[in-house]
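After this come two complexes, each holding subunit A, first together with subunit B and then together with subunit C.
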Partner chain A sequence: MATAATASAPGPVAAGRVVRQALHWQERLALALLVACCAALAFFLLGPLFMILVKSVQDKDGAFVGLLQFRDYLGTPALRQSIFNTLGVALVVTGITIPLAFTFAYALTRSAMPGKAVFRVVGLTPILAPSLLAAISFIQWFGNQGLLKPLLGGTPVYGALGIVISSIYATFPHALMIILTALLLADGRLYEAAESLGTRTLRRFFTITLPGAKYGLVSAAMVVFSYTVSDFGIPKVIGGNFNVLAVDIYKQVIGQQNFNKGAVVSLILLLPVLVAFVVDWRMQGRQHAQFSARAVPYVARRKPWFDGAMFVYCTLVALLLLAVLGMAVYTSFIKLWPYDKSFSLRHYTFGLVDGGVIVSFFNSLRMAFVTALLGTMFIFGCAYLLEKTRGMPGTRALIRLLASIPMGVPGMVLGLGYILFFNHPDNPFNVLYHTLTILVLATVVHYYTSSHLTAVTALKSLDGEFESVSASLKVPFYKTFHRVTVPVCLPAILDIGRYLFVNAMVTISAVVFLYSPDTQLAAVAILNLDEAGEIGPAAAMATLIVVASASVCVLYALVTRVLLTRTQGWRRPAPGN
Partner chain B sequence: MAENARSSEGPYLRLTGIAKSFGRFQALHGIDLAIERGELVTFLGPSGCGKTTLLRIVAGLEAQDWGTIVQDGRDISRLPAIRRDYGIVFQSYALFPNLTIHANVAYGLVNRRKGRSEIERRVAELLKLVGLPDSGAKYPGQLSGGQQQRIALARALASAPGLLLLDEPLSALDALERLRLRGEIRALQQRLGVTTILVTHDQEEALSMADRIVVMNAGRIEQVGSPRAVYETPATPFAADFIGKINVLPGVAAGRDRVRVGGRALLLARNDLIEGSAVKLYLRPEDVVVHRDPATGQGAANTLAAQVAKVEFLGAFCVLGLAPEGTDFPALSANVPRHAVDAGGLEPGAHIAITLPPAALRILG
Partner chain C sequence: MTQFRGTWWHSVASAVAAAGLLASGAAFAQKTELLVYTALETDQLKAYQEGFNKTNPDIAIKWVRDSTGVVTAKLLAEKANPQADVVMGVAASSLVLLDLEGMLQPYAPANLGAISAQYKDAKNPPAWFGMDVWGAAICFNTVEAQKQGLPKPGSWKDLQKPVYKGKITMPHPASSGTGFFDVTAWLQMWGEADGWKYMDGLHENIAQYTHSGSKPCRQAGAGEFPIGISFEYRANTTKASGAPVDVVFPVEGLGWDLEALAIMKGTKKLEAAKKLADWASSRDAMELYAKNFAIVAVPGIAKPLPNVPADYEKRLVKNDFGWSAKNRDRILTEWNKRYNAKAEPK
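What follows is the complex of A and B.
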């Protein structure tokens, strides 16, 4: 071992001085990569947000005008109305979606009804589609020529009503996932104790279930609220004359080319979402403290009346969800709603292929694939450097902060920031403007937070001493990364890839400002088709997106299953479902 | 195992003035320690006293704020971990779960550009050394905790390091495995002659395995010595209390060689006390001499009447809880062999006499 003492051995410790360890080149490499990750995150997240702040206090010619534009904005009654509309709709949607999703999740975790796996999958299907699909579908059901229009008794679906029901559909799976997790995490032993003490069902519900799921419920409420406030596709398609902030930004930027006003509205939109984000953040901190690592999952016992009621409820909800998705698919396969309902592929062939719009679907596929591939590599790599290397605590704290911000930034705001930032003549990266690359960047940043948390959770579950052992064995960290860390974390890595892919397929708000004629995406194409009155092709495009997303999810499930079977020699049984 | 060439005289590892803070909290206060070649030294102390921190500083996994480390004549104070010479074993085993036992043990060898056959031979040799010659194809998850820790030991020894660091290697194991592995590790260490530091909070483990024990408390070294020395002549009250049980008798010096405790003057085997000063006497329970006949040595120095308050059965011996009679002498405990209790006369409530031998009464610190 005397060889290690050769060459550049660091000098002796100077008396009376704090010791600074010499860095091995591998440690330098790790720190350099860490700093690079931090810089990239800061550049592609803070740069755009900063530009919005700057633009909001400038006039069109770039002169500083302070808060003048805010005053202007708030002085316009129609625009001020948007704020109330936005918040009102979001509150109503939250108030309806949360109980619906909670009951559904409760049935899945606490009842012994049959068909739970099917209900779970159906409950999550809305995630596969762009939010626009819901709006289009509800127009088909309840619009001017809608099948069920009489049911509304004269109230037009275009406006607040349409936004609310479409948003409930779109947010349901997000709320369901969060509440399901909270209920699954709850400790079954509490219930067994309560049952053995003869605690009444209703009392058990209020003393154990609700408190246990409290943080999950709040978190779900905040996510639903933010989603509704931020979503642009639904109000654009079904909102009629009912103004909301997200559409206002769109109108200012695309309609009037007034980026400064757009920036002002963005900041106003950012406010409620930030509040929700902070509330959620603090709740999550507490939730982690609440669960013991050794919680035992609850096993439901048969209770015929309760199970029956839950089965009826879930069947009803599942049918409604399928009716929304089904209507869009159906619309894509018939000649002309409601006059000629004969089967036809013309919306696909004539509407999409011949019109050349189909290119946008392939753009989307390409964008989603690149996002999933590069995004997963960057996010997981960055999380690895963050969790498993040493040094530079300040940089680490900054990365943690940066990684948590995107969750609190609506897609419209991020998208606007991206144009302002990358369209700037002085930005050396402005060559990215109007490329597929910028769409990938915006999408990765937009969905960074959840992916990052998945990666960090997986990394934290590894033994914290793998890196120490590697160092003692003189093995470079990157070798252990690829021989041990990546294989062990593969399920989480695939999960991140799937999440990014599906979201890249359906996202619209972050990319609606960023595409060029050459890089138009499928979800944007739906918007444009709808604007042109081409409901059939729009529905066809939405269907294609659902098919692509669903295929990736199925692929993910298959690969994961094969992986777990092949590695069960060393992998302990997978936790959870 | 290749014999390490001696590159210098003197201790194999010398720590000088090692200090470390985490923020405002000072975890280590100027640690000085020398470890001889081939010895097994344990860091013993309560949880949180800085044992792991000190071990990690020796490994370079943590950087000390102050102080120097010299290993085998070479100043390694500022060397990064990857360039130091040691093998390490953690409480959690830290075996790579997705690699076979063979690949785990060979993990560091592969990187040293050794020939394939040489690696095969070395892995086989190591697996045999730790008593698991046929486990190469298995995965860590398929072995028991004790077996996994043996593999971790084999992995740490694979490249024949000059220094072996063990951080609570037995704490995650059940009692039986712990006992067995204790002996195995010690035998292996002595056979290979590898200089070893073992971190533990278990005094029995330290006493049974160590050549020397370093007793630590709150980031400081309280005492360094052989297991016997540390047990028989603890240097500080902390060391006395942490290792084994001990009776504490507070009193006042009543002369150069005697201390008044609860109205009784006790003779000591020293004569350097300053009359009137407050002192604490320490006495191991097994040093208390028990007489069944309460009349024994009436009036003799250091002998007093006592009543048995309770008898605690601990297997090989019993602990008597004793209440000295007549005076406000503090309660104390005495160890007696089990057969002595079986012979009768020591039941709770029994009146007996006890002698506190002057040579066993110590003043510490």
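What follows is the complex of A and C.
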């Protein structure tokens, strides 16, 4: 009787209550915030993408037509050709950029050549410029009036050739950063062991260096491939009649006013980028067990011939990179290309200030600042809740998935999704349409993945004990967050802020459908100026962007240096290193 | 460290507040605000706005400026939820398209009677009316021509000559209003069969189809491609900037369109919109248009412009905007089928 009573009535429930304490209100707050983060991500990422799917199976009047739009699209030879053009160019760019960047990174990490710090900075400069700058600069170098036109042997720079060289320039720093990180992670002990065993240099390269950098190389290749496939600015400016998917979307939406066809091309563009993204994702998943905590950084020893060769190579690459940037700056300061090359500020004064275009530069600064500030707060806050609070494993898995999706979504696809989603009359967030806020949102979402990974990495390196100790001392999690976590992670937080700022300054694909008169952006202004054939003012605007981004990077470097000495002293294992 | 910890939280808080202020933007004074979509040049906008505000100081114009193709695309995209109150300085062929979609609010502006019949919608009240005419012109770089031994073309048919192979650029009709009126002019002037045949021939010589109507002339001015099919306003400004170009008006006839104005249906600021329409049709406004364009919608106001022939208006082809709008999709599809797949010039 007694046993039956305990078995049937509230026994198990009561037992459950004993084991699982009621959630404290602070934990509830943390979970509520977590759910809010998840909902926001889902709304601002999946909503727009869903609208693209919907539009792609509708006709202009909104009636369901199934895959008719796709059949239509694939039935047009010119548009079909774009798919092959896009993939072909992206493969060539990847095939050239990766060895170039790898050799550069190899020189920086495995040689004892002089000037490494300078080379590193110069190697990363292209990241400060909108991709359009490269295209404009290469037209000035290799166009019909270009100084180096004879080098091309009669092949016009407009078209596949121009897209390839401009994309190599634009993607080089992205590949360099990833490969550099991979090479820096190498374990110096392996090289010492190999050397003491008398392994020859070439064999060491193929048995230690390459396998060690394998994941980095794949990751870099996928990033370069995706960037080239998704970039709209370069083919738009230098592509001539060579059609690629990103420009096709623009032509469908802007030229033919066909949003449904634009959605169809978007989905086709999404496909190769998603494939690259999944490949990269799976490779990264396998990477973990590779590094040992006892790894020792590799220290390069002097080898005059090798160091000399690497120095020459890096000098050459650095000069080429600077020549691209330099030509754009030069173009912005001459009177009338190519007939009057006297110095003039008129592209800045007459072209930008009098024309009222300069406003877009200040809009960009404003947008980049707000993006960096609010984006960093949201991304880091969300990552904190994800990593340092407990409960709701399902929601956490969903956030991880949502945070990794943006990397696989080309900016134009996201931008088109935003216009379709937010201009829908039934959308309560309709008021955002045509505001700076929507540009900030699109930009934060577009660059979410990298920032999120930076935040997660920084948080993971923090001991979980902080949270357990705080909990046992009854210190609310938000206090731990702002007393411990944020100060300790400040370098990573600033890094995210800088990343968002620089990208917000140069992004064009995510915002080209979204800007309004009050929120015209600098990179879009370059596009419009180039479209109108105003090369001088376009180059001037590109120069301003580079100056702004470079200033922020310098500021970041200074602040980080001060911070590292003042607040991060505990990170240094021992003095004298 | 302690000192630092105490201040950083505050600085973040004040930075957030600053960001909020920045994002919301400065507050506007108590004025009726009209959202006007336009494809006019920026330097023209300033003059027109000042002119309008002389008589209507209580209405503030907020411009959305972009190329004809972009503005039209935006308006169509927003069909379900229109943002603009007025469309001003956008191609009449685009406005006819919007009218066919039932998006325009017919209105007879104050000075409608003075506007030439061919430069306004035939309905009464009209859905749109013209401000000025913008028409085709060719920019021809004389320095490069001499270097490369190119004769000066005088007609559209001249441009088919093999000597010009790879030397000509023209605007893409899907992106550019200028490109579209070139194509519709050839089709209307010579009939469909001959029109397409002409474009087949011209296509052989085209180096690039640009996205804007201005760029071919700018490229000609920079010697990048010596011949640019463009429009007369851009040809004039390019020449004025010191570029070595001659402006050519082909003898067969010139494609053209109107910079026109229409009120959007459903606008909540109909009264203010009507005031802008009244002003835009007025003599004062027409005098401002005449500073940039050789033909304005009210006859007898325009003065001759340098580099534009006196009989310019007579050289315009007969242009049926209704036909252009109704056939826009078909023409662009056919054009894309024929020329978009163009292989790289060898």
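Keep this in mind: the second predicted complex is superposed on the first by the 549 of 577 C-alpha atoms of A that agree within 3 Å, B and C clash if a C-alpha of one lies under 4 Å from a C-alpha of the other, contacts with A are read in each partner's own complex, and residues count from 1 in each chain.
In this section, a residue touches a chain if its C-beta (ideal position, glycine included) is under 8 Å from a C-beta of that chain, and two chains touch if they have at least 3 such contacts.
Because the structure is predicted, anything quoted here is derived from the model rather than measured.
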Partner chain(s) touched by A:A78 [first = subunit B, second = subunit C, both, neither]: second
Now for A:E27: first (subunit B), second (subunit C), both, or neither, which partner does it touch? first
Thinking of the overlay built on chain A, is A:P517 touched by subunit B (first), by subunit C (second), by both, or by neither? second
For A:E534, using the defined touch cut-off, is the partner it touches subunit B, subunit C, both, or neither? Pick first, second, both or neither. second
Look at the residues of subunit A and decide whether subunit B or subunit C touches more of them. C
Between subunit B (first) and subunit C (second), which, if any, makes contact with A:R483: first, second, both or neither? both
Quick one: classify A:T315 as touching subunit B (first), subunit C (second), both or neither. neither
Once the shared chain is lined up, is A:S404 touching subunit B (first), subunit C (second), both, or neither of them? neither
Of the two partner chains, subunit B (first) and subunit C (second), which one does A:V469 touch, if any: first, second, both, or neither? first
Enumerate the residues of subunit A that count as touching subunit B in its complex and touching subunit C in the other. 483, 487, 567
For subunit C, which residues are in contact with subunit A within the complex? 1, 4-5, 8-9, 12, 15-16, 19, 22-23, 25, 42-43, 46, 62-67, 69-70, 72-73, 76-78, 80-81, 83, 143, 172, 174-175, 207-212, 214-219, 221-225, 241-244, 329, 332, 336-337, 340-342, 344-345
For the subunit B and subunit A complex, residues of the former touching the latter: 4-5, 7, 56, 59-61, 63-68, 74-75, 77-88, 90, 92-94, 96-99, 107-108, 111-112, 139-142, 155-156, 158-159, 161-162
Which bits of subunit A are touching subunit B when the two form their complex? 1-2, 4-5, 9-13, 18-24, 26-27, 463-466, 468-476, 479-480, 483-484, 487-488, 567, 569-572
Show which residues of subunit A lie in contact with subunit C when the two form their complex. 76-79, 81, 139, 143-145, 156, 158-160, 236, 240-243, 251, 253-257, 259, 336-340, 354-357, 366, 369-370, 373-374, 377, 419, 423-425, 430, 433-434, 436-437, 440, 482-483, 486-487, 490, 516-518, 528, 531-535, 566-567
